[in-house]
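If you scroll down you'll find the structure; I have some questions about it.
When the chains are written out, they are named A, B, C, D, E and F in that same order, and each has its own residue count from 1.
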Amino acid sequence: MNALKRAAPYIRMFKHKVFVLKAGGNAFTTPEGTRAIMEQVGILHSVGIRVVLVHGGGPQSTELANALGVSTEFVEGRRVTDESSLEIAVMVLNGQINTRLLAACRNLGIPAVGISGVDAGLIKAHKRAPVPMNDDPTKTVDYGFVGDIDEVDASILLKQLDNDLIPIISPLSADESGTLLNINADTVAAAIAVALEAEKLILATSTPGILESVDDPRSVISYLDIAGLTKLRDEGRLTDGMLPKAAAIEQALTGGVPRVHVISYELPDSLLLEVFTNEGLGTLVVNDIQNLSLAEQQG
Amino acid sequence: MNALKRAAPYIRMFKHKVFVLKAGGNAFTTPEGTRAIMEQVGILHSVGIRVVLVHGGGPQSTELANALGVSTEFVEGRRVTDESSLEIAVMVLNGQINTRLLAACRNLGIPAVGISGVDAGLIKAHKRAPVPMNDDPTKTVDYGFVGDIDEVDASILLKQLDNDLIPIISPLSADESGTLLNINADTVAAAIAVALEAEKLILATSTPGILESVDDPRSVISYLDIAGLTKLRDEGRLTDGMLPKAAAIEQALTGGVPRVHVISYELPDSLLLEVFTNEGLGTLVVNDIQNLSLAEQQG
Amino acid sequence: MNALKRAAPYIRMFKHKVFVLKAGGNAFTTPEGTRAIMEQVGILHSVGIRVVLVHGGGPQSTELANALGVSTEFVEGRRVTDESSLEIAVMVLNGQINTRLLAACRNLGIPAVGISGVDAGLIKAHKRAPVPMNDDPTKTVDYGFVGDIDEVDASILLKQLDNDLIPIISPLSADESGTLLNINADTVAAAIAVALEAEKLILATSTPGILESVDDPRSVISYLDIAGLTKLRDEGRLTDGMLPKAAAIEQALTGGVPRVHVISYELPDSLLLEVFTNEGLGTLVVNDIQNLSLAEQQG
Amino acid sequence: MNALKRAAPYIRMFKHKVFVLKAGGNAFTTPEGTRAIMEQVGILHSVGIRVVLVHGGGPQSTELANALGVSTEFVEGRRVTDESSLEIAVMVLNGQINTRLLAACRNLGIPAVGISGVDAGLIKAHKRAPVPMNDDPTKTVDYGFVGDIDEVDASILLKQLDNDLIPIISPLSADESGTLLNINADTVAAAIAVALEAEKLILATSTPGILESVDDPRSVISYLDIAGLTKLRDEGRLTDGMLPKAAAIEQALTGGVPRVHVISYELPDSLLLEVFTNEGLGTLVVNDIQNLSLAEQQG
Amino acid sequence: MNALKRAAPYIRMFKHKVFVLKAGGNAFTTPEGTRAIMEQVGILHSVGIRVVLVHGGGPQSTELANALGVSTEFVEGRRVTDESSLEIAVMVLNGQINTRLLAACRNLGIPAVGISGVDAGLIKAHKRAPVPMNDDPTKTVDYGFVGDIDEVDASILLKQLDNDLIPIISPLSADESGTLLNINADTVAAAIAVALEAEKLILATSTPGILESVDDPRSVISYLDIAGLTKLRDEGRLTDGMLPKAAAIEQALTGGVPRVHVISYELPDSLLLEVFTNEGLGTLVVNDIQNLSLAEQQG
Amino acid sequence: MNALKRAAPYIRMFKHKVFVLKAGGNAFTTPEGTRAIMEQVGILHSVGIRVVLVHGGGPQSTELANALGVSTEFVEGRRVTDESSLEIAVMVLNGQINTRLLAACRNLGIPAVGISGVDAGLIKAHKRAPVPMNDDPTKTVDYGFVGDIDEVDASILLKQLDNDLIPIISPLSADESGTLLNINADTVAAAIAVALEAEKLILATSTPGILESVDDPRSVISYLDIAGLTKLRDEGRLTDGMLPKAAAIEQALTGGVPRVHVISYELPDSLLLEVFTNEGLGTLVVNDIQNLSLAEQQG
């Protein structure tokens, strides 16, 4: 019962607060992994935290594309989302993954609802304009059906949260004409955390946090602020996958989310340990580390 | 303006009433067809009718199965939903079709949300038990991941309707353990119409209504009751596709839905003409035709 | 059904918006004319527009005065509302006309309630102070029981609108001591439109709109702004009846009502055509015509 | 302050209870008399009683008819309400009297709203069918635009009461086709008291109560029940004006209103004395006097 | 984190359910003991259980009586509550103990409010009538200011629970005249559990449960039903202190509370272990043990 | 009934307004005195005023201290609240007096609830720091468990008022660690009046008001403002008991309470006379007497 007692002050502190959790498609490649995450999500929900989950679906999209013989076009090293790729993303994100997560919730007795940026006016986006090529700036590249967020209408999520439901969000969106658009899931999670005035944005990744040295998983940085994050980027010490995350983290913090956590989804119970103990898993990023008192560092 | 004046009494009569519309996957094979239906749905919604749309996805599932080289197993002439088929159904129903309909709604400025029987507790079902083989009753056939409905929890739909949203429902469901199950979309529509105490269940089909003679599209029966429907079935005058519809119609009527309409989705404006005029498109089925006064026949 | 389809975007755009319609007593001199207007009001209401109707009662008051042998006193060409005239106005406005309109609503199945500025605190007014005589500025004329509006308390109307009722408003009011006062119905309609933050104020008149040339009914001005209206007045091109209307129009526009329409109540379906088509009946007056884009001109 | 202390238990007992007061047109022939009644109504309202006032308008209608030279037709001693009489009743009841009472309320700072049976669906009535003549039963008399109540929809009054407003009700009504109908004000008051589940129906009359002997104003009967009332009628001891009152009283009591009071509107403060003291003014009529304990007789 | 995971299904099951906990004055004789209990109460509250605490104050009353030199009168072995004793009970229960518990809640950050049966109409009781003496049945004994409950008005508690507050209840009450009355705290707890339709009534005592053999604390009976409890009593195997508890338990069970637990307040974490594990501390009493399935025994 | 009529405008004016009444322990030394005050409180409540009562308990605490042989320590003429004194205050204020007042309310049929500053977060306070001694400023005196208010959370009182309950407040409070603290009841009343945005703070004392000359009870000052109050204090014309009252009065006025009344609780009906007449009992203190018009002086 000691765990419960130690958790009690955190439970009281976080009651009714919004936590936005983002986990990529690789977190959901096995039923066991999926279940382990959803079980933790369910516990956060059961003690009164208003949890929102944003998922990705990269590996699963690649797998379906291979099965269908659809090849991904790359221009200057970046993926182009053509019509076939978009169609695959729609089926994987809104269909396969989202439904699997809902099925896991039903198994666990957790009340959840699936939703994507296309529903009602949840996410309004526009197609990203073609960008000049690095090699030949007189030419442009159109990266296809990729969107930039114009506006998030959080009211539909708030109603779901008020009804004690967990929104499980697929990051697809559309523009005003109904053209479907793919958006980076970290970006979507950050925008939603801002719109919901979330207490925490938690990015669950395959690494144990943001690393001092990319090759050494033991070099997790415990506390970081925007200045520190910028420095890491400028020094080229962020991996490819971490670059969009860094942008999303900065977007969330400047948008008013006080704390962003980067944790591993592989470490057992990482989510619960992060929320209900002061053991300091992974990386906590805040606006300005000077303003983070010792007492607060335990939150 | 005369159309508006003629529509006005119907608008007043149907305000805040629930209409459940079901349209199969073949209604949504072209963007134009999809748009034509969604535009009508949007008009019903704009005049205050609480519309719910249930969609199927048969042709699209077949297409994806073919692309993936998945063959459908048949036993005694009936399709078996194995794991691969189920996975395809999930991607097509919850992913492709549902998202396309939401995209069409965004294009038309109609506030809609996608949902499937897997969300929260919308549909609770169980896997259909293996049935004895006709050829050898000592053996049984397991038709796979096919579900029978135990319970519909309409509260989540009612909240969406109260928020002025159109629920767009994929007929997939799951059992308590989270095993996904495919359910006939007509059956889902009927169960939802009963749970929502709908004023009308409207089945949009590729035929102009229930036919006196299956081969003669001009032989549409205008009014029918359960007794008449039973007689048609007993006389073998219902086509294969109409048989599950007949069961769904009977289920809706005995569950308290006063009127079920079978109309063509191909006839332009069929939905609007059915609702806002007394011209009597398609077939109207009621519990007992004796109780249907002339005045009411115009409703 | 095309009318309905063409109307749909307008229906969606105007849903839950407030329209204040004003029609003078001459619009209600025959049962047919009354019914034609109320039917259109009912259609606006049925598609979700929050309609408020303000009526006058001039011809009917004159008729009753004649029947009772009460003569109207005029000083310097303007009517004096003495006690007898006021009593007649009370009986005609709050009694005869308001009740007739309610009876027409009951016939049409439209839920409406009568109200006047005397009810609760709807309109607080004060008796207009005597004004110096033109002929002899050392003397003053007291025009009697005529009021100027101090304050409109829209809360009672909002409750009626929230209860899905159409308020039918007689323009009589009272001061704090309970002395009844007559107020110009155009003025009342404008003040109420401002208080309700109405989307449109529609003045239904016996002319087809504001005329370029008073004698030529074909010279309707389609678009006008406050500057243009002022110019017309300064050039003496507004008729006697149009002068108080022009003041009311200006009051509404400067008070925040974005659009004021002047239409004919005699033209069949003029109200519906104005609201649900972009055919441009009558005159649309806005604050500044420069800010009215082409797209908006169709609204 | 003793009056306040003595009143306190009654105030507590009657808080939020509905009292329906009916006063005929003769109670409102002078501004002083009108003010005296409305002041008492305002005090009941100020201490939290939900007061509803139903008024008549007999003398005022006669006066206007005379001024207009309209003569009232009588058949077999009973008044026939022809079109002219109805028009006069409309102007007097809904116009003149109702507005005067509202004006008195404004003067006293009492929040009141006027309403008649024609508003929304407050009173649904039908025209009384022609009745056989006493003199020649083979012929019938049509008493004209006189209505019998089919249904009272109290919801609109309840909303007004919930908004802390005093409904001031004119007894006019209409049938479904919108034909206006005159209804006896006592009958309307009783029907409304039943629909509102009123605690008390109070009939204010020109006599000090129901009299043992019609000619002796000192012979007021303090307590009466339905049996006693029937006996009085059977013995011919009720005056002409008291006969419809007796019918209304019985209708209220059998409809569930526990107490009906008949008091004088001429006696100063009669309403307050009746409600806030146990002095027993006028006549209290209950279902069965045996069930009225001594303690209750003071209520 | 395993404790949290094991607790999660119980948390979900008991969310928003009402638990009534009763602990006697001896549970609150030290600050540490008080804090240990309140901490557990706070944890139940933090995970969404609606906890109500009823306290006694026996030892503290005895202590104050001694300090004031007030001696307790006993007749036939039972305590008589005279005026002095009552005054002492008032100061101890409503003053000392209740306030101490609130102070402990403030220290722990738990939102609680004190209340007694005297507040508003929480408990309506009457003074127990004098009972015949055992020794001489022709005489009676008046046990003084001791009350029997007539009615519990739970609405005030429900409002506190709805406001997320923990009601801390002193068992004092009063009759309609305002005479204060002492009532056994177990009896009050049972009556409140019935009125709140509680899921559980938990009696925290100094023994580890109901004992098979009163002198052997290891002989705790795990499951019991009303029949078994009656048998124990009839066999004289209940101690003095357990007799009123047995009556309260029976009252709760027959009043609809499905489960009553008797646990020790001395065993560390007994409340949490009882609620969040299936380890079966203390005694669980139900209506009929036959209806308690194995699965349910874990609840 | 004239008292009722004269009271009516005050009743209307004060409906739903908050009045905070403070009466010291000496007002409640006899059942008759207690009843006389509570009866008046009940009348204010019955006419819709939101009354809050703050009580003291000085004489009763002294009496209990004497009975227990606890002597009060004084340093430099001021009382020190040691642990024993605090314990006595808890039992007297939260136990004895508060419960007696609730019992009187039950007798009078008035819905009231007891509460103290310790409940939920009603009053947050801190222990007053030791103050330098006058005799030897190098030493300090610790006056013990005496609190200064940090914050009042009025939400719990507002919920009680919204539920039509009268909060009866004991002035005890606690700091964040749960240490109980005694606070002057006048100070508590003023702080609560400010937090509730009260219309009036009424201090009921043993004197008939603030006196021009302390020894002459006929020298009551009718109107006073902060400047006048300061002058009286500076001139040494306030008695010991009046000094903390003067501070509380100033605190209330500067905090936004428009009127503070000092009246006698001994004068029969003083509270009613003060509220419902313009007879000017006791002393009315306002911010600035210049701004108090003659008309307002009657309020």
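In the analysis below, contacts are C-beta pairs under 8 Å (C-beta built on N, C-alpha and C of every residue); 3 or more make two chains touch, one makes a residue touch a chain.
Nothing here was measured: the structure is a model prediction, and the numbers come from that model.
*Asks:* By label order, what chains touch chain A and chain F together?
*Replies:* E
*Asks:* What shortest step count links chain B and chain D in the network of chain contacts?
*Replies:* 2
*Asks:* Same or different: do the copies chain D and chain F touch each other through matching residue numbers, with over half of them shared?
*Replies:* Over half shared, hence same.
*Asks:* Between A-B and B-C, which chain pair shares more contacting C-beta pairs?
*Replies:* Between the two chain pairs, A-B has more contacting C-beta pairs.
*Asks:* Would you kindly tell me how far, in whole Å, the mean C-alpha position of chain E lies from that of chain B?
*Replies:* 56
*Asks:* So what's the Cα centroid distance for chain E and chain F, whole Å?
*Replies:* Those two chain centres are 36 Å apart.
*Asks:* Could you pull out the residues of chain D that touch at least 2 other chains?
*Replies:* Within chain D, no residue touches at least two other chains.
*Asks:* Name the shape of the chain contact graph, picking from line, ring, star, complete and other.
*Replies:* Per interface graph, the chains form a ring.
*Asks:* Given the touch rule defined above, the chains close into a ring; going from chain D first to chain F, what order do they follow?
*Replies:* So the chains, read around the ring from chain D toward chain F, go D, F, E, A, B, C.
*Asks:* Report the residues of chain A in contact with chain B in the complex, numbered from low to high.
*Replies:* By the definition above, chain A touches chain B via 64, 67-68, 87, 90-96, 98-99, 102-108, 111-116, 118-121, 156, 159, 163, 165, 172, 174, 176-180.
*Asks:* Chain C touches which residues of chain B in the complex?
*Replies:* 1-5, 7-9, 11-12, 15, 39, 42-43, 46-48, 109, 269, 272-273, 276
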